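Below, each structure is written out as structure tokens.
One chain, chain A, appears in both complexes that follow, with chain B as partner in the first and chain C in the second.
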Partner chain A sequence: MSELSSTTGNLEVPYTPPPATPHLAPREWVRANLFSTPFNSVLTVMSALILATIGRGLLSFLFNPIRQWDATATNLRLLMTQAYPEEQYLRVWVCTAVILILTGLSLAVWRAGSHVPVTKVGRNLLATGAVVALMTLLAPFSASATVQWLVAAAVVAGAGETLRRGVGMRASASGAGGSDESGDQVATISTLTLIAIALGGLVASLWVVPYGHHSYLMDRTPRVLAEPGTVAMTTKLPWTIMLLIVVAATFLGRSMRDRLPTNATRATLLVAWLLAPPTLLYLVLRDPSFDMGHVLGTDLPIFGAYAIGGGLLLSWLTRPTTGEIGRIVAAVVLVVGFCTFLTPMRMIVRIDMLMLASFALAAPTFAGGPRARRRYVTGWLGVLGVSSWLITAINTPSTVDVPGDFFIGGLSLTFIVAVFTIVVSFPLGILLALARTSTMPIFRLLATWFIEFVRGVPLITILIFFSIMVPLFLPRGMELGEVAAVVIGYALFSSAYLAENVRGGLQSVTRGQHEAAEAVGMTTGQKTVFIVLPQALRVSIPPLVGHCIGVFKETSLLAIIGLFDVLYIARVVMPNQTEFMGSTRENVLFVSLIYWIFAYQMSKASMRLERRTGLGER
Partner chain B sequence: MTENPTEANPLDPVADAPADAPTGAARDLSGARDVIVCEDVSKWYGDFQALDRVSATIREQEVVVVLGPSGSGKSTWIRCINRLEIHQEGRIVVDDVELTNDLRNIEKVRSEVGMVFQQFNLFPHLTILDNVTLAPIWVRKKPRAEAEEQAMALLERVGIPEQAAKYPGQLSGGQQQRVAIARALAMEPRIMLFDEPTSALDPEMIKEVLDVMKTLAHSGMTMMVVTHEMGFAKEVADRLIFMEGGQIVEQNTPEAFFSNPTEERTKLFLSQIL
Partner chain C sequence: MTSPTDTSGTQPSDTHAAVSARVPLWRDVVVLKWVTQVFLLVVVLGAMWFLASQAGDNLRARNINTEFDFIERPVDIQLGEGIDTHPDTGGRALWTGMVNTLRLSLAGIIFATALGVVVGLARLSDNWLVRQLGSLWVETLRNIPLLVQMVFYFSILTTLPRVGLDTGPINGWLHISNKGISMPRVFIADGFYQWLVVVLIGAAVGRYVHRRRSRIHDETGADTSPVLWALGTVAAFGVVGLFVHPAFSWLGGVFGAVAGVLDALPLVVPQILLCGVALGVTATWILRFLAAHRSARGHLSLTDDDWFRVLFAAAASLAVVYLMVRWTGLSSWILNSGRDLFEVIEAKFDVDGAARPFDAMRPDIVQKGKFPNYGTNGLTMTLGFAAVFFAVVFYTSAFIGENVRGGILAVPKGQTEAALAVGLTRGQVLRRVVLPQAFRVILPPTGNQYLNLTKNTSLAVAVGFSEIVQVGTTVFNQTGRTLPVVAIWMLFYLSCSLTISVIVNWFNVRMKLVER
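Let's turn to the complex of A and B:
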């Protein structure tokens, strides 16, 4: 065939490697980069002095003998789960295990992690040791403590140097062995292995240093207790098991990923990730005690009616011959769905009706042969089944007996609210952005009003409104838990901001892309799903991740409406314990470290995602 | 491929014509059906009249090249034919379907009419293969395997089957435009519209795209081409249409058009470009 394109490729051009960048010795590097001009030298010295002052101040704060670091160590359980009952604590560990298993499998299936040269690891360890040694000299330690820290720093630095030297020598030895490519061969280590080693070190330290073995319980004497040996109190055994579980899951995923079809496995894992939060929260942590009479008498019949009726309707709507009348019927279902809110009835009937309406509206896009139709109806049955099950579970009283409104608090509550808010507000925000850019005036107007209204109101107002006011307006017999109400309000708030981020992405899709999609005969829906949204979302990854970090951090406002999030516990609950009066500063510092770790991980994930989706872009 | 245009292609939507049938003035198309009929088509952008009572008829298997200085309305006209632009007066009938605001008619016409753009407009987030198969799978409801087989055959036909797994950004301009042609052909259109397909290309890549278009013309596709490539117009076109100021000034066979233009404005245009 004609290979007209590679006219330049066919020419025999001898390959000239670029000149090697000269590798500077440390002293030369310092001179070239830090002391190149007199002005530069002054700047370097001044910044070094400022850094040293800040470092010394921080270190004298951290290692001051009057600091009550015991408060954080003893209250770790309070910070994580607040008053979750001790005898049911196994549920928390089961949830952790499920999340870790999913993490391990996903790491393997998505082939996460890269390889770094061992010499680089060695260099980093060496640098860490040097920094620790420097800090030790800065810190106001006693002589013996200084010696101990210096020895620790020397051990770390020595390990780093050994890695660096050892690998370098092995490389040169194999070079002497006569292998041609030995010059390019570098001993590498997987980042996953490095993380596993680091986590292993942390878990092992639990067995040596007893910081995870204390607990503080209000209704018990003595209230501060060390090593009672139960799953609830001692975390060393559970965390060891957790580490083994995540490592095992990674290996399992690695051995299975080549035998299973990639896309199907990934889709299954994604569904599992989406189902995990509600299932773990409402079935495992909350443990509803189902009333079988009610389940059989009310919940199952409602499910059956929607399954059969909705299935038949959707199977008719996805028939390619149905045509225009199908769209009218779908619109009628939507109107009926909204009308159900006018009269009192079970919430589940309304929710199911609205879900059926959205499935009916989307049906023409998925119209096709019998196989496509069967798949669509199966999708409906799956969504209906899962949501019916969850709604029934939510409406059933819990067996977990705790004081207060919600059965869990602390970091768990922060995560629960953040995850649910993000998961709910993403589709909502995308829909709002599409509505605001659509050509249909009613949708555009409604979306614009909603976004502008929500953006003009402080978040605290919305949280208070949803937690206090909304229950007053609800029809009789309908109840909305406080956390559920707050999540709905927070998700609406967040979706307005998200919509504006997505809208920026939508506007970056060029007119040519729209025209190309239209020119091959795609409908507006197909164009949006296959062409516009993928490109728009890719462009908006940085602002979207920034928004997610914001949502995660602003969950601390939950304290205002009386929920015990992690910051509130650190700021108010712990400093009021008689044993740890006035430990606010230590606790808040510790909690901000927790926030930083997760926020930083999100932002790293965003950078990786950008790199990955940037492939093939330009 | 270009040396061998007679290669039979089972996927060719209009392969019933002999592939080595002559194009250009030697061909007699008087008996063929009218597939595009424009009657007094007018369009305004604000107060500016972009199209002024354009009337023309294009027959089945005819290759029509539209010439004219920039701003003469040739792109606007060709984009009106699959309703990427909306004409305000007159009628456009494509394959017996009139273009009105009725969405079903527009979708029907668009699936019959393939379009190739100046800026290629490939979907940058999809591989070459996905670019070609997306519309057949979702608009024509073809099974994926069948669509992929057809896409590979089309990529073979435009000479770049080995690029199927790459992304558009990794291809040269000429290759991208050939993929765009394959993408349009995957919908098995009866008519192909080309809107300045070589204007954004480097000179050495123009030939590879024109060669693909020539093969397509020889295979009997009905084509309407807006271009500045006079060599292509001379060699392949059955008819040239010269536009200026939103009007059709002159239309004729290539020989008559270049050797013996009747209108003053045509003569002026030809004197500037030749």
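Let's turn to the complex of A and C:
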């Protein structure tokens, strides 16, 4: 089942109830699971004590009146985007909206989410209610607060019990005799709907619940304004719109996916995902003020020349009849590309030449009929266009007026660094893995040395090296921002680990696959690109997701080299504000919660993916 | 059939010669391959040369020095803790940092392993509550970045109560305050090394006892418990050694004599020795390699890749020889450090006959200026050390716990059932059947975690614990020698990683040999 559904890319597996386990009465369950032997009883009592101590300690920490939670509430904007100007904040929301639209569409197009039985939801709600009630009893609340929390817990538990009972009764009523065992009649609910309901409740609470109105007034003397009431309009209105947008996008994707060809839609979405980070960062957030005269006079002509000349060249090179002369031409282009470094000229000309050379060298691998050739040339035009535009945008001064070197910080910086690290290190890691498993000894040696060296030293030494030393290694007149330098350091570090993950996948591709590919006359390049890599990458998905989680967690190291990431702000900036002196513990706890939510969700998603595609069971 | 197959799929060299007579040069796979590789090598070297020359220009332009002279020069640095808190030279400061890193890593590895095994077993427990507790531990700690945890623990520790002259949870035994945690300390005293000699003799005897008891067990089938006997022998020697250890004080003279010999040796001796070892090892390897690639009829078939390996090995050994001959400083350094080592050992034996091997002290609190502080008697964890220690131990224990769980789950259920069926108790099943098999699965990823832990201690720079990265940052801020300090960091961590992976691999190979 899993093989078939995963090869068609269909991730939606119909819910099948697990085989019936003998249902135990609560007392028997307790005896079997908690007090089966004297030793077990001792363990149970001890762990209960430990849990109670931890719970009580945490709760009395959280709800102690001397805690400065105002610090977090007031500084949320600082934590998210650092000093991004308030009057330009619409840009941040546009970026969020674009990402959410893509998320919604992708969720629908990839048919993410599964169905869970309503009874299970009810049971979970019941358990949540019970846990909340227990915690309430442990917490150092006043009597009225205790009663309030207990009532809330009872409401949750009651809702859960109603769901469980009500649906259970309906199932037994509709399934006339014995259909309960066959499991066909189980009422289910989509997990996406559940998440939407939960988020909807959260957003609705922004309008209703008096969380408090916090703002940081940046007048001549900054001061904190904390009033009772619901949260500020600048928080609740955008988030409501965001929720509506993502729900609308999901519905749009759902109605779209059956009318459009699946593969083309998915490919388009993937390209959109890939283009989103640079576009949002350099076009929307950074808002470069293009010098139109320069763009029209210099950048466009260079682009046009490479587009036309390169397109014609590649179209000729991908003709299967071209033969060796094509390779020689490609090699000449490569040599010319390197020679451009000997004479002074625009950097973009050199970069484009090198890109054209690599496309030319790879051309025979993608040779084929007119369709394949057209696609290859289109690929070249796309890559060339995006990179030319990016280089122009990066070199154009920003119009967003912010203090400091980089225009955005906080959690946004964390995400930006993580995303760019992964995007850059992915191709690099694959190349390194291929080189390390290659039969060409010099490639293998260089890759092995690089990988083992990088894996042998701590990330922080590499980051310090890159943040301090990179400016020294650049030719005069060339500059690189500190964030960019650090991302390069991160990417090099990450690519070595990624290469090892991919290498595991490469080694799992059986020899028969190689031999079969050679038998049908594929070149080494074709064999690698079309036969080996797809299988290897599919196998390495679980470790790659784990790697992405690792990269996300490692972004916290930005704080050590003094970039304004979320941890640095929480640990250094906020405790130094006069109003919130010494609020480090609260802030860092909040930051851990942020990291935990994202990392935990990613690891859960990876486990689900592993189960669905049957990757874990080889 | 007998000839070993190569991985590249190219043809054996002699038929290849015949074929390449017909194939034009630009279509010959081997030629193309080598042209590509050499081209790439040239590009990489060229890029490195370009960057290095840029860096050289820029450094000269900014008047930045990249010499290692700061190692010998006096510096004005005060370190938080370590073997030398007021180091005379930059080198001494870095050395203190290295020792602190090693101390922290070693303690972290031991405690993380212990805790990790407990966590892994808890996640497999029959007890529902224990299982939930284990999952809570793993899922919480592994999904929060180590640095965030470290900072959090540090900020909690800094809010602990102030140290007073007579405070602490157990006054005189355990003190927990905003200066750190101080507890009684057992330490090795002057007589330790003489005592160690007695224990080593005991270990040799114990090994003999172990062998003998095992043989009796093999021959008669009687329950002779060889391990217990061997450990008992060592313990007996240890106890006796507490009283007789002064008898070995003459060993110091022996070590002194060795030091004298090393001092008197001419530089040529280590040169010849090391060159001989390098050439010998390489020659053996090459001969073995060739023998493995020879078919039963003696036909040698080497691919270009194999040729490269042989030539590379030969070139590497020649490079070692060249280095040893040209760079006499290396051999004199080897001789000098050998002499110093033996002199240090000699000094360890030069003690008063009645010195005790061990001693213990309770923590003390002294008041020198305005505020009381911990004295030097107790085993004191400073705040920085405690924060890093708890962070790496907790964080790594979650990962080791998952390795342990995975390893135990990897042992087929039939093994447990079969062991129970022949009448072993649950404890015996775990100790004699499950764990030995699980260990093989657990070890490689856990070795990786040890590596990670060692590297992760570098994050201590965030809480100001004086390990190598923090000390190095201070040194280069003061002397401006960033590049050399970074190079020393990387060399240090590379050798740590190499050492750990060699040890883990050694265990791995031993484990594999046990398996049939």
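Here, the second predicted complex is superposed on the first by the 550 of 618 C-alpha atoms of A that agree within 3 Å, B and C clash if a C-alpha of one lies under 4 Å from a C-alpha of the other, contacts with A are read in each partner's own complex, and residues count from 1 in each chain.
What we mean here is this: a residue touches a chain if its C-beta (ideal position, glycine included) is under 8 Å from a C-beta of that chain, and two chains touch if they have at least 3 such contacts.
Everything numeric here is computed off the predicted structure, so don't read it as measured data.
More residues of chain A lie in contact with C than with the other chain of the pair chain B and chain C. In the superposition on chain A, contact of A:Q513 is made with chain B only, not with chain C. After overlaying the two complexes on the shared chain, residue contacts for A:A25 are found with neither chain B nor chain C. Judged by the touch definition given at the top, the superposed model places A:G369 against chain B, while chain C stays out of reach. Contacts of A:V208 after superposition on the shared chain: neither chain B nor chain C is touched. Of the two partner chains, chain C is the only one that A:S603 touches; chain B does not reach it. By the document's definition of touching, of the two partners only chain B reaches A:Q535; chain C does not.
Shared contact residues of chain A with chain B and chain C: 518. Taken in their complex, chain C has these residues touching chain A: 7-9, 26-27, 33, 36-38, 40-41, 43-44, 51, 54-55, 57-59, 62, 64, 125-130, 132-133, 139-140, 142-149, 151-152, 155-156, 159, 303-305, 308-309, 312, 451, 455-456, 458-459, 461-462, 469, 473, 482-483, 486, 489-490, 493-494, 497-498. Remark: chain A residues 33-34, 36, 40, 43-44, 47-48, 50-51, 324, 327-328, 338, 439-443, 445-446, 453, 455-461, 464-465, 468-469, 471-476, 518, 549, 553-557, 559-560, 567, 571, 584-585, 588-589, 591-592, 595-596, 599-600, 603 touch chain C in the complex. In the complex of the two chains, the chain A residues touching chain B come out as 1-5, 7, 320, 367-369, 372, 510, 512-513, 515-523, 526, 530-531, 534-535, 538, 613, 615-618.
Within the complex formed with chain A, the residues of chain B that make contact are 1-3, 82, 84, 107, 110-111, 113-115, 117, 119, 121-125, 127, 134-135, 138-139, 141, 156, 159-161, 166-170, 172, 174-175, 180, 183-184, 187, 204-205, 207-208, 211.
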